[in-house]
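I am attaching a structure below and will ask some questions about it afterwards.
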Amino acid sequence: MLTAATIAILVVMLLAIIRCVVGPTLYDRILAFNMFGTKTVLLISILGFLMGRPEFLDIALVYALINFISVIGVLRFSDSVEFKHSLQQQAPTKEDKQ
Amino acid sequence: MLAHLPILQVIVPLMAAPLCLFLNRSKLVWLFALLVSAFTCANSIFLLQQVMSSGTITYQLGGWDAPWGIEYRIDELNALLLLIISTIGTVVLFAAHTSIQKELAEDRHTLFYSLYLLSITGMFGIVSTGDLFNVFVFLEISSLSAYALIGLGKDRRALWAAYQYLIMGTIGATFILIGIGLLYQMTGTLNMADIASRLAEVNQTRTVFAAFVFLIVGVCLKLALFPLHLWLPNAYAYAPSIVTAFLAATATKVAVYLLIRLSFTIFGIEFSFSSLPLQNLFLVLGLVGIFAASTAAIYKTNVKHIFAYSSIAQVGYMIVGYAIQTPTGLMATLLHLFNHALMKSALFLALGAVVYRIGSAQLSQFQGLGRQMPLTMAAIVVAGLSLIGVPLTVGFVSKWYLLVAAVEVGMWPVAVLVLLGSLLAVIYIWRIVEIAYFKPPLPGREPVQEAPWTFLAPIWALVLANIYFGIDTRLSVQVAQAASQSLFGINP
Amino acid sequence: MLLGLYNYWIVVLLMMIGFYIVIAHGNLIKKLVGLTIFQTSVFIFYISMGNVDSGSAPILAEGVARYSNPLPHVLILTAIVVGIATTALGLALVVRIKESYGSIEEDEIQIQDQLTEDKTSC
Amino acid sequence: MSLILEIGSGLCLLLGSFICLSGGVGILRFPDFYTRIHAVGVTDTLGAGLILTGLMLISPDGLVLLKLIMILLFTLFINPTASHALAKAALRNNLKPVLDDSSDKGGDKPSKL
Amino acid sequence: MLTGIYGLLSASFFVVLDAVDVAFTEAAVGAGISGLLMLAAITMTGRSEAPKRHKPLLALLVVFITGGMLIYGTLDMPYFGSFDAPVHQHVAPRYINDSMQEVGVPNIVTSVLGSYRAFDTLGEVAVIFTAGIGVLSLLSLPLRRRSSKLDESSSENSSNSSQKDQMHEQHMVLRIVSKVLIPFILLFALYVQFHGDFGPGGGFQAGVIFAAAIILYAMLFGLDTARRVFNQSIIQLIAAIGLLLYASVGVVSLFNGGNFLDYNVLAADPIAGQHIGILLIELGVGFTVTAVMIIIFFNFAGRREAQQQATERNSPELNVTQANSTEQKGGE
């Protein structure tokens, strides 16, 4: 049963990576990234049981947290002004530096 | 406390670096850092004395025996390097306070000293450790702080130079890491002496050969050996003057040390020079390096650039001495390590003084400085003569031994080429002298004053050392001879 | 017969990818990303070196006979820290470069440098 | 007793895996961002919950159980929040729900990260 | 962001290979911190990229030579996972068999890291410290400018700040959830810190998690709010204290008559001494790592805000359009 779940999760991770690479928008990528992170958490927990070393759960826990933080981080930074206007902004910054 | 000398050498500057942040007053921090580096200097003199009288010192960190714990192992070579680094570090630091006041913003001063001490720590760590992975860790300390120090330069090109250095340096460090991994895989240990003893069984495997190649290439990246030197000139030219003076005198020396340590102690002479055509390769690279870099130096207009390229050329001399692979050749290399540190730090410090007064290191700005800053320019001339290798200076001593070594094994062409290379040095030194002494001062510029004494004292200390060790060669030659003989396994 | 070494070949592949990015890309941040990949490949190399068939994680527990080799893990912990330190410093440099040059492309920076050099030497 | 637990955990795991798989298919096959986030948001939370419950049923001791519960709680907290934030951010940046053609305004960004 | 996935993937890889501690670190570092830093840097530098590549041929050549060299080297290596490899025979058995008697810590990685090779770890802390100082020296803003900017933004540039508030308002759900989560994260970090003797974890990982929690706070509640709690100079001192704590443990053992970092002399019983020593140095590591990570992130983010304000002040018309667009978005 555990093995089956592992395989299923691996397949889902693969699908998520495909979506992540294909895009097409930034948000799709973030979404796939988030999903990937969740699946990693599950994968690690299951692996811990498979190998009989439940210490791995600590890592899964860290993953859950880090995943959240990095998704928030991506969102916050993609909200920022430069991100949206990075192309328009380059001209003025160049001028005022010289 | 005497038994703990090896570790104190590293640990004192390491602890002083965070302490700097507590003091937070520029002058106070400077005094503190100076005190610390003076301590390391004294410490290294003691160490050298101890090593010369009673042989190799080992020190087990954490009380664990060697292959399990980390071991410090100081022999003549390490002690010599420690002495060079700590002396140069102290003398250069003496001028730092004056210099960085012009070149750095006020709130960066504390950080500067902290980074400087960390950089010294890293170099001490590399030199004194007997554990291969420890070398990597301390290599990273010294190079990370070097990147940051270079990035502090005023010019924006300093940033770019630091970035290039970072990329090249990290590639080099990663190569070294791969090499360490391969070695570890074949021997199961990280201790240098232990690796050396266990390597004999697996000598013939391709893995060890690959490890050797990776380590050598990694070290050569750090060493700025001729084709891998691209990061060096800009890094030296745009860093703050103090940093240049310190790094130019020490950073490449540490890499040379690593090269020697790797090929002689760990892999053994037979392996190092028989598995690869290392001798010919290094001879050619060294000689080409001397000529290419000296020629490039002739055409540069920034004096810092000139001396940076000359550094690459000097690395070429060291490599030639190393590649001759006789005790005399190695001795010449070690002597040149010592001597080059003396003359390069003097030159770059004097340049720092010039930059302090006129705010530029462009050759065209040097007009008339010979009369306006007589002491500084005289120092540049003397150190420059030493760079060329004129008798009665240190440069002559090391080149003499290099020639002797080359002639001993019948490599006449090498000897001739080394002499020719020195002639190129004459040209670029002459350009500076000509502009500084024989051209009128720049019109429209206020008369430049002589450099302040905080500059002149260390500069002239170094210049006098240049002359002293050029006349009285007993000390340096004795130590270098002992070191090279012990590396070749000859008991004096 | 050579299948016993497959792990190292994956590492080599990763390493080559990372190294290629470092050398060939002009974008400074991409270079750093490549550097990270390069370093990580070395980490994997070390870790796979320390692995033992049917070994377990090196935390002492009852009923476990074989453990993986802990030493590579220790080394790599240190190396990871060194890696993140390098990355942080490199990114800081890139940010400063962007501020003062207005670009993070290698060739544009070189062109600008060339210009300033010409100006000063004239 | 232990047999029942094992059967229960097996069922939970299977169901969870199935739901995860369907989510994976969803993220790949659905036409635009908002439907995708729907697929992922729902299945991720439910699937993860089921799998973790399945693991809890066979956990050997208390500490492990506690950690699993913590992970479950975190997932329950984090996943909806992240999905919410993501959807909101997408909406604010004028990414309109499109059914036929996903080449809308956001699509022409060179999103390479 | 693909770096993030890459970090996650490589971490899972480490898990498969039994390297728990490494997976732990890579999870926190590769997926979390380094990704965040990359993002912060990318937002500051812009995402545009010149498509052209130079000298691909030369690069390929170099890469292939290196790769070929490595493959050539691998040919004589012991097989993957084989127990007879010299790696597993020479030094490592002592760690596995005797560390329990000599150090008394079940997690072998911790005992090697903290005791046998403690000096490497000291070097590692010094590296992190160096990086922190380096970033500080490169990115920190001059004090004068910062204070003057604060004045401006509070007095004349009120529209800007209100816009910022609006941005925070929009993340209501996020903020509340994070408020609930952050204490747990901090608690978890402490658990990792002190549980490192028995399970995966230790000072470095704990420090990263701790810093991540604070970074989360700073991202959602604004940098200035976070700065009020974690003053720049105080964090600097914390970083210094961590390194000093570590080194002074070594110095104390020097004075107690042992070698540097020899914990056996710290207490009457060697095992107890080892415990004290490892605990203290892990604390030191945790302090420094936390502080340095926060320093790095704050300086990146602070630089970004300064840049943003500078461009807004210098280009009013851009500012107006931005304001318009945000209004539109608010309306939707």
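List of remarks:
The letters A, B, C, D and E name the chains in turn, as written, and every chain counts its residues from 1.
The rule we apply is simple: a contact is a pair of C-beta atoms (placed from the backbone, for glycine too) under 8 Å apart; a residue touches a chain by one contact, two chains touch by 3 or more.
Going by UniProt, the chains are A = Multiple resistance and pH regulation protein F; C = Na+/H+ antiporter subunit C.
Values in this document were obtained by computation on a predicted structure and should not be read as measured data.
When chain pairs are compared by contacting C-beta pairs, C-E ranks highest. Chain centres here are means of the Cα atoms, and by that rule the chain farthest away from chain A is B. Greatest Cα centroid separation from chain D: this falls to B. Measuring from the averaged C-alpha position of chain A to that of chain C gives a distance of 20 Å. Centre-to-centre spacing of chain B and chain D amounts to 57 Å, using the average Cα coordinate of each chain.
Our note on geometry: chain A versus chain D, Cα centroid distance of 12 Å, whole angstroms.
Centre-to-centre, using mean CA coordinates, chain B is 32 Å away from chain E. Residues of chain E in contact with at least two other chains: 1-2, 20, 39-40, 42, 44, 46-49, 70, 74-75, 77, 85, 87-88, 91-92, 95, 117, 120, 123-124, 127, 130-131, 134-135, 138, 174, 181, 199-200, 307. Annotation for chain A: residues 29-30, 53, 55, 58, 61, 65, 67-68, 72, 78-79, 90, 93 touch two or more other chains.
Contact with two or more other chains is made by residues 70, 74, 78, 81, 85, 92-93, 113 of chain D. Against chain B, in their complex, chain C makes its touches with residues 19, 22, 28, 31, 35, 38-39, 42, 45-46, 49, 71-72, 75, 78-79, 82, 85-86, 89-90, 92-94, 96-97, 100-101, 109, 113, 116, 120-121. Chain contact summary for the complex, chain E toward chain A: residues 1-2, 4-5, 8, 11-12, 15-16, 20, 23-24, 27-28, 31-32, 35-36, 39-40, 42-44, 46-48, 167, 174, 178, 181, 185, 188, 192, 195, 199-201, 205, 209, 212-213, 215-216, 219-220, 304, 307-308, 310-312, 314-315, 318, 322. Residues 1-2, 39, 42, 47-49, 170-171, 173-174, 177, 180-181, 184, 329, 332 of chain E are the ones that touch chain D when the two sit in their complex. Residues of chain E that touch chain C in their complex: 3, 6, 10, 13-14, 17-22, 25-26, 29-30, 33-34, 37-38, 40-42, 44-46, 49-50, 52-56, 58-60, 62-64, 66-67, 70-71, 74-75, 77, 79-83, 85, 87-88, 91-92, 95-96, 99-100, 106-109, 112-113, 117, 120-121, 123-124, 127-128, 130-131, 134-135, 138-139, 198-200, 204, 289, 296, 299-300, 303, 307.
Across the complex, chain E is touched by residues 2, 4-9, 11-13, 15-16, 19-20, 23-30, 32-33, 36-37, 40, 43-44, 47-53, 55-61, 66-78, 80-89, 91-96, 98-99, 104-108 of chain C.
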